[in-house]
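Both of the next two complexes hold subunit A, though its partner changes from subunit B to subunit C.
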Partner chain A sequence: MLELQDVTSGYGTVPAISNINISVPQGACVCLIGANGAGKTTTLLTISGLVRAFSGHIKIDGVDHTTMSADRIVRGGVSLVPEGRRVIASMSVEDNLLIGAYVRKNGPEIANDMRAVYNRFPRLFERRRHYAGSLSGGEQQMLAIGRALMARPKLLLLDEPSMGLAPHVVREIFETIQEINRQGTTILLVEQNARKALSIANYGYVLEKGRIAAEGPTEQLRNTDTVRDAYLGMGQAIESTSQAALG
Partner chain B sequence: MEVFAQQIVNGLSIGSIYAVFAIGCTLIFGVLNIINLAQGAFLMIGACVGLEAARFGLPLPVTLLVAAFGGGLLGVLSEQFMFRPLRKAGGHRWMGLVASLALARLLVGVAQEIFGTEVQAYPRSSMSAIIWQIGGVRIQALQLFIIAAAVVLMLLFAFILQRTSLGRAIRTVAFSEDVARIVGVRVESATLVTFFIAGALAGAAGLLLGVLFNVVSPFMGDSALVKGLTVMILGGLGNIPGAVAGGFLLGLLEVFSVAYVSSAFRDAIGFGLIFLILLVKPTGLFSGFEERRA
Partner chain C sequence: MIGLFEEFLSSYGNVVDLCLLNILLAYGVWLALSGNMFTLGTGGFMALGAYSSVFFTTQTGMPFSFAVLIGGLLAGGAALIIGLPVLRLRGDYFMLATFAFTEVVRVIALNWESVTGGAIGIVGIPRYTETWQLALLAIAAVYFAYALRHSHFGRSIAAIRQDDVMSQTMGINVLAHRLTLFGASAFVCGIAGAMAAHLNFFIGPTDFGLLRSVDALSYPILGGFNALLGPLVGAIFTTLLPEFLRFSNQWREILMGLLVILVVLYLPGGAMSLLQSDRLARIFRRRLIERHSIEQRAES
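Coming up: the complex of A and B.
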């Protein structure tokens, strides 16, 4: 469904990712792991059209998205749950969900999907009239996911959904992501929490300093030395591995 | 007591116009984080265009629409050909401020050429002739029309912003352009609509101000701009309900200072009080509710 072919992208003239090749098949849950600054977020922003690729091609269902505007990409069925959640603090929970459905016109269907989101996250229903800014971190993450789902995406991009959340909330969020995937939405998940990400994804990519350092089915990837040492916390500290990767 | 009640009526009619004008300025600030100094000139053009429409024989409510449309059109043009190119070129926010000042001067110049520098008056409207005496208070039908029109405009504005998909899109752009893009909002279009709404409010305020005082001049936008900015700051920058309250407050302050002190001190007293309020509460009277930028 999603193909990144030799994508180089970044900010200004400085590339943050170089010649990246990623493939996300229909219905899959693919994760992209790596340390801070490896280029994970840049990859997602480039797919969403918020950052322009310097070169390479991004294709979704065979259609070239590389130079498409962000709003057309959303209309094409790709939604992003951004890093740091970015719910609209000054709007109610309900309005945040409604803005998620901005690209859709069918009122009754939107109302249906709103009910579905509330069923998935009963906490959001309880707090639907509250300002999004008054929600806890976990609730905001649920809202950010709910907002993205309101666009009815074929492909859902998630950027660090576990960031800053308590372990039991992280568990809940990951269960939800798994469920969304089972219900047919293709997922590309970016995470620093490699253990969690590898546990729900079927395929993984390891990003190091803007390049793909390793990839493979998750069971396989989990057992490679680089991943075990650097990202699953069983070997040396991340810093020393990065040093090794440099040399 | 009669003087008091009379001033309330007068203060509400002028205050409602300030409120309409100020919410436009506030909207632009809230969404784009810029201050558009050309809003005062849009108000003046609204009054001039409305005057032409009135001379053409159109009824007052229609001239109001004409004035609003004229102001809105100018707003759209200013964004399309001035603010946006400046942002695209990476201009600092101050560049937009200076450019909007230049645009204001340009429009005043154009208005002087087309409409002349003389102060002009509206054709006598039937409404100014209708005056009710309630107790000792004189209420013109015109004043009621102005207050009603202003309230309708504000309610319409609140409805669009709070209850429609377009309004949610505008509020999302105000929060963050990136977040707006993430949900599929065409930020450029939403921005144009924002400028149209703000310009239309200025144009409508211009017409209302023109008929209330029965004075239209190319220079009427200058003092209106100062008042609009004052109300905007008084209400808490970017806070729309605050701007409404601030508009009424300034209107009342002005008429009361004229009635009880002296017309010579009208602006001095009005602005002096505002200065005091800001000294006590530097974030504006109604801060705390504003739509915060992320």
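Coming up: the complex of A and C.
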């Protein structure tokens, strides 16, 4: 469904990712893990047209999206849930959801989808008249995801949905992501919480300093040394660094 | 009763007209502000509307209403043309670019003597503008602002104002929205300029400079940008204040400046936030609680 071919992208003249190849098949849940500054967010921003690729091609269902404007990409069925739960604080929960359906015109269908979001997140229904800014962190993340779903995306891009949330909230969010995927939406998930991400995705990419360092089906990826050492925190590297610190 | 009203209009008619005109202008600027555009182009757009409408009414004998409409359309068109490059600029740079536009219009007005009369301006413009027309336009502006706030488009621009990157991720074409708003704002300012020209008998290049733009910007900000009637209150307040301060000519400007500073310091949401927020209620409640506790202490 989504193909990134030799994509180089970044800010100004400085590339943040270079010659990246990523492929997300229809219906899959693919994760992209890596440390701070590895280029995960840049990859998502480039796919959604908010940052322009220097070179390479981005194709969605075979259609070239590389130079398409951000709003047309959303119309093409790709929605991004940006990092840091950016909800419209001064608007009600319901208005936030309505604006998520901005690209759609069919009123009854929108109302239907709104009900579906409320069913998925009953907390949002309870607070539908409240200002989005008054919600807790977890609720805001739910709202951000719900808002993206209101555009009825074929492909959902999620940027760090676990950031700054309590463990039980993270669990809830990840269960929801899994469920959305099961219901047919293709997902590309960017996470620092590698363990969680690998547990729900079927395929993973490891990004290091703007390049893909490893990739593979998640069961395989979990057992490679580089991933275990650097991202899951149960390999030799952690032990040796802690020993060095003690010594 | 009607006699009283007529007497009032005959002695204060000028002030009423000026208030209504500034209300129109305030909503014009409000349109731009609601898209996060701090425009200093108001003076330039007014000048375009004023000079072109005067040209059409005096030189071609065009009916007044058509001339006003054309003045507005010209200003709106100019906004669309300069908007495309200028709207890519943010904050201070956008302000500077719109200020430059106002200056360019002023300099053209100063030098294109055959049409604008140069530095002397145009004298003897027929007074076509009636108070009821201004009132109608002001009401239309308020209604338009009301309708906009409750529309799909209004929700989108509220989203853009808060976070334009996020708005793009929801498929909103940010540039197109801001361009539309900027054009609509200029259209209203152009109409206000045309009405002003046919109200005042005289127009000159200095009427539509930086000062006019800053004044217009202060109406919605002082009145309260978020409230529907904020721009209206701000426009009336700022127009009437110099009249009330007429008793002392030297102190007028100083008092005016002082009041503006006080409003900005203590009512950052504008004068309308007095009604909206529970600021007043809180002050009263504190009084009540104090009195209550004093009474209790007296009893015990």
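In this section, the second predicted complex is superposed on the first by the 235 of 247 C-alpha atoms of A that agree within 3 Å, B and C clash if a C-alpha of one lies under 4 Å from a C-alpha of the other, contacts with A are read in each partner's own complex, and residues count from 1 in each chain.
Everything below uses one rule, namely that a contact is a pair of C-beta atoms (placed from the backbone, for glycine too) under 8 Å apart; a residue touches a chain by one contact, two chains touch by 3 or more.
Computed from a predicted model, the values in this text were never measured in an experiment.
S.K.: Based on the superposed arrangement around subunit A, label subunit B with subunit C as either clash or fit.
M.R.: Overlaying the two structures gives a clash between subunit B and subunit C.
S.K.: Considering only touches as defined above, state whether A:D229 meets subunit B (first), subunit C (second), both or neither.
M.R.: A:D229 contacts neither subunit B nor subunit C.
S.K.: Which of the two partners, first being subunit B and second being subunit C, lies in contact with A:E94: first, second, both, or neither?
M.R.: So A:E94 meets neither subunit B nor subunit C here.
S.K.: Touch check for A:E83: first (subunit B), second (subunit C), both, or neither?
M.R.: Neither subunit B nor subunit C is touched by A:E83.
S.K.: A:E172 contacts which: subunit B (first), subunit C (second), both, neither?
M.R.: Neither partner.
S.K.: Of the partners subunit B and subunit C, which touch A:E215 in the superposed model: first, second, both, neither?
M.R.: In the superposition, A:E215 contacts neither subunit B nor subunit C.
S.K.: With both complexes overlaid on chain A, does A:Y102 touch subunit B (first), subunit C (second), both or neither?
M.R.: both
S.K.: Which parts of subunit A are touched by subunit B and by subunit C alike?
M.R.: The answer is residues 48-50, 69-71, 74-75, 79-80, 82, 86, 88-91, 95, 98-100, 102-103, 147, 151 of subunit A.
S.K.: Report the residues of subunit C in contact with subunit A in the complex, numbered from low to high.
M.R.: Against subunit A, the touching part of subunit C is residues 152, 155-156, 158-159, 162-163, 165-166, 168-174.
S.K.: For subunit A, which residues are in contact with subunit B within the complex?
M.R.: Residues in contact with subunit B: 48-50, 69-71, 74-75, 79-80, 82, 86, 88-91, 95, 98-100, 102-103, 133, 147, 151.
S.K.: Where on subunit B is subunit A touching in the complex?
M.R.: So the residues of subunit B touching subunit A come out as 165, 168-169, 171-172, 175-176, 178-179, 181-186, 291-292, 294.
S.K.: Would you mind writing out the residues of subunit A in touch with subunit C in their complex?
M.R.: Result: residues 48-50, 69-71, 74-75, 79-82, 86, 88-91, 95, 98-100, 102-103, 147-148, 151 of subunit A touch subunit C.
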